[in-house]
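Letters A, B, C and D mark the chains in the order given here, with residues in each chain numbered from 1 onward.
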Amino acid sequence: MNHKEMEKKLRREARALLEQGKVGYIIGFEAGSLKFTTTPLITSDTGDISRLVVNPFIANNLSVYLAGVKGRVGIVVKGCDSRSIVSLLQDNKIAREDIVILGVPCSGLIDLGKVEELVGKERDELDDIARDGDRVVVTDNGNNSEFPIHEVLYDNCLGCEFPTPQEYDILLGEPTLPAGDRYQAVSLMKIKQLKDMPAQQRWEFWRNEFDRCIRCYACRNICPACFCQRCFVEESEPQWLLPVPRWQDNLMFQVIRNIHVAGRCTDCGGCERACPVNIPLRSLTREMYGIIAELFHYKPGMDKDTAPFLAAYEATDTEDFVR
Amino acid sequence: MPDYEPKFLALCCNWCSYAGADLAGVSRVQMPPGFRVIRVMCSSRVKPEWIIRALMSGLDGVLVLGCHPGDCHYQTGNYYARRRMAITKRFLEYMGVEPQRVQLSWVSASEGQKFAQVITEVTKDIKGIGPNRLFTDESQRNGKETAP
Amino acid sequence: MAVSDISYRPRFLAGGNVYLPHLAVIEKTVDETHDTKTLHFNFKDEKLRRDFVFESGQFCLLSVLGVGEAPFCVSSSPTRRDHLECTIRQVGRLTRALHRFGEGAEIGFRGPYGNCFPLDFLQGKNLVFVGGGIGLAPLRSLIWNVIDNRDRYGKIDIIYGARSPADLCFSYDLEAWDKDETVNIVTTVDKGDDGWTGRVGLVPMVLEEVAPSPKNSVAIVCGPPIMIRFTFPVLEKLGFTPEQMLTTLEKRMKCGIGKCGRCNIGNIYVCRDGPVFSYAQIKGFISSEY
Amino acid sequence: MIPATEKVKINKKDVAKLLGEWSGEFTVLVPSRDEGVVKWARWDGEDASFLDWYRNTIVPPKAIFLPPMEEMFGFQKDKASYRIELPVSSERKQLIFGIRPCDAKALAILDMNFSDAYEDPYYLAKRKRGVLIGLGCANPYDSCFCTSLDSSPNDATNVDVMLTDIGDEFLVEVITNQGRELVAKTSLVQVAAETDEVRAEEAKEAAYGRVARKIDTGSIKEKLLSCFEDKDYWEEVAAKCISCGICTFLCPTCYCFDISDELVKNQGERFRSWDSCAFPLYTKMPMENPRQQKWRRLRQKVCHKYGFYPINFEVIACTGCGRCIRLCPVNWDITQILGNLPTKEQLTPEKC
């Protein structure tokens, strides 16, 4: 599968959708204003269609915009994003007939942070980063260096179970096969390291991480599963926590956010990417994902006709932990 | 810490567990006195916010009590509570909170004895891990310096 | 847009740190409506009690320590200065806490902040007060101020409205002004009840009926934003120029001194440059930012 | 004393020694990495290895003077009455080593707000205790645009001492009297040769040229005010914004703050913490919110920086540090907005 071909097909399909009046808006990606970034493109103008791109940097989960756009929408999604849409459908936040899903079979996104660390330079100092099969080629000052993908893709992409969209109207390329267990260990390495620590050390770890949090709420606002009109942190009666970036309040915010999005989070990794102070938030969301899979054999965003995870039960649900 | 008496919340559902607690009291069953009962209409009324807020305020634990599965006054409330508590407990454990601090149990209106037994067990559990110092500032930090 | 003729800002700064509240003790509480109370309070500090000065139209920040702080206008007149009054409607956490307080409770007080009604400019003029609901509170301070210096001003018209007869604040003042032959007062409600014999109708409509003359007059408007928005066009229709219309605005505030950023309308900060504005000053932004 | 006209230089290897000398009198803050996040932290006393990788911090130096959270005062409750206590503040001076010209200018911009009309005691006290040692940028980011905002990668206007990289050494320029005293005290500097100054000039020019991003700030204020009421325009501009607080919290010139109280048993505190115009709660009043919609909040952000602040203080409240562009999770780029403001003819007549 080839990004350029998908891009061509995407532009063709998106233009047709707009021209035939099937959608009022297209939500996709265009090249960003910085090297190796993309930015959401929300447009109703066919003139903008040629700006749509598909490449290994289409990081944002665009389903976060669905609630804010009125009318029928065409939206570009990767595997994880499509599950967010299914999750929103389960919660009745959007109507299926209002969206046309343009599915990108995804082969993983390149983690610029990892590239920077490997090369020892920041992204704007590099000439090119390109995906070539199972390798990523980084060009710096005319010199190429190659890295295997498990060193440069995002952790969540390495462990991705469903790279091809689960729900789509138009698929832009051949379905991608999941990597299976090949990169699972790398994907879950950070979580494993944490689980191997004694409880107190783990608490200390999180406390130190959340000491850095500035409470910008980017993790919450970038998240399609966080769709509350009024977040619990904004409640004043009762006031659950202070609007002050103390580690106690920061940590509590994140714990409760994770419980709230349990069963909705599809491990898209958006929160961790958005965090300006590098808090490993995916180590939280992925663990919750794992707990739900282990205890309830539930995978979020797979079936739009079932009830949301926390709004359903089985009489046979686990009782092991009950005193 | 021989004299340490854990303080924890017992969030009792109105229809079963609260009556069970009442029965335990009326029958003068002996149990440790460190718990405080808050009556809620149903165990599914308990939000994760409450549990974490309670731990943040320094309580040593939170015990949620509801009707036995199948006996919920609202038919299914305790099933939802069970799911929610399962993930809350496991997740907090992953964060580094001792699992003994967050517990769920079923106590019916006629189970005064069981209420006392659960309270005794939870008290013992928490005694085993000691007072809640999770959210206090003084305990050992990584020696990291931030800008003053 | 420079802050024009009403920029006089009396300041009272006791001590260095402007963020430190002075402690005050509630002396009395008066129930105005089912959700509105007037607190009568005085400073704990003897010296402050003696030296404190303010002007009609200024506001203060009251706090219940441990709950929070919010801006309120001083609703008593500087001419009657044995204590201070603030009128508070219960709408949230802080106001609920303030409502719970009775005689003897301690509150924090910061202020007075902001500018005040331009008394020099008002002297010798006919005054038209247009108030809605709890918006009478800041006007009340000025009305008593004017009545206590009655010979300096011309005619006084008060047009005051509330949602229902039970929502009319300061009933004791309304009565007193009604008896005062030098004051013309019209009260109106949006919806009357069995005992109500007065006017029924929205404030802007009643204002149009009463039709005070713009000649040598100044209109002073305060009420909910929606009322303010609809009152200005009526005044314009009656012939008032934007300079002849004053209002006092309310915004969410934290610092009260122009630092925390949130109370701006364009480049104007309601706390620092206001809360009293002439319509001429805010005309450009009011449709979209208030 | 070094004469005012004379320039000196210091070898890069001696920087750590110099910081060591200064640590006696000052708390020395340098850029440091905390899990990959570059921020200001107390110098570890070992080396000056940050010089090898430091470009700019993620958390701007405003955090030193206006911390993300600080205690304003504490209070003790005794039945119905209270006792208010000010927190003990340190008298020790702080030396910020390596502040970039954009961030130093940002502090000068913050000073205007915090000393206008009423003085802000918390900010100004810290500011008076601070000494700024500027470090010119040799390698600006692709998101930097300081040259469009009356500044440059080597602008020495707002620091006490300015350093310019000239290879193995830094050229040391003394800007203020305080800076002169500092430099005079140390024996680690040598008198700079004329060639050093030439090299410094060359370095400055080269750095200036490396700032590729440019905007025309000429009549931005007027343009913004004329399109202020154009709802359609602002809705379009705000469409992809997710209303998080990154661009405002990490902006070196954003100063908005929130005040909140906490009371535990009988001991309470009042905190002040960063707040952002991106949040709906920021302007929310009990009955209504003048900026409930996202586009209104975003409009406030842009217009405050480039419209209202210039009206009030005659300076644009942006220094072109580029943090908001680099760190935005959706790459919302303010320079693109400012570069494409609608002209009068393009405005939609329909108002908001």
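FYI, a contact is a pair of C-beta atoms (placed from the backbone, for glycine too) under 8 Å apart; a residue touches a chain by one contact, two chains touch by 3 or more.
Note that the coordinates shown come from a computational prediction; the quantities given were computed from them, not determined experimentally.
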If you average the C-alpha positions per chain, which one ends up nearest the average over all of them? D
Computed over C-alpha atoms, the centroid farthest from that of chain B is that of chain C
Rounded Å distance between chain C and chain D, as computed from the means of their C-alpha atoms: 38
Approximately how many whole Å separate the CA-defined centres of chain B and chain D? 47
In angstrom, rounded to a whole number, how far apart do the mean CA points of chain A and chain D lie? 31
Give me the residue numbers in chain B that touch at least two other chains, ranges are fine. 144, 146
What are the residue numbers in chain D that touch two or more other chains? 34, 59, 258, 260, 262, 275
Contact footprint of chain B on chain A as seen in their complex: 194-195, 199-208, 211, 232, 240-241, 248, 251-252, 255-256, 258-260, 262, 284, 287-288, 291-292, 295-296, 309-315, 317-319, 321-323
Residues on chain C engaged by chain A in the complex (per definition of touch): 92-93, 96
Provide the residue numbers of chain D that touch chain A in the complex, in ascending order. 34-37, 55, 58-59, 68-69, 139, 141-143, 239-240, 242-246, 249-250, 258, 260, 262, 271, 273-276, 279-281, 294, 325-327, 329-333, 335-336
Chain C to chain D touching residues, read off their complex: 1, 16-21, 23, 63, 65-69, 91-92, 104-106, 108, 224-225, 250-252, 254-255, 257-264, 266-267, 272, 285, 287-290
Please output the residues of chain A touching chain D within their complex, sorted ascending. 32-35, 37-42, 60, 64-65, 68-69, 113, 122, 124-125, 209, 212, 214-218, 220-222, 234, 242-246, 270, 273-274, 276-278
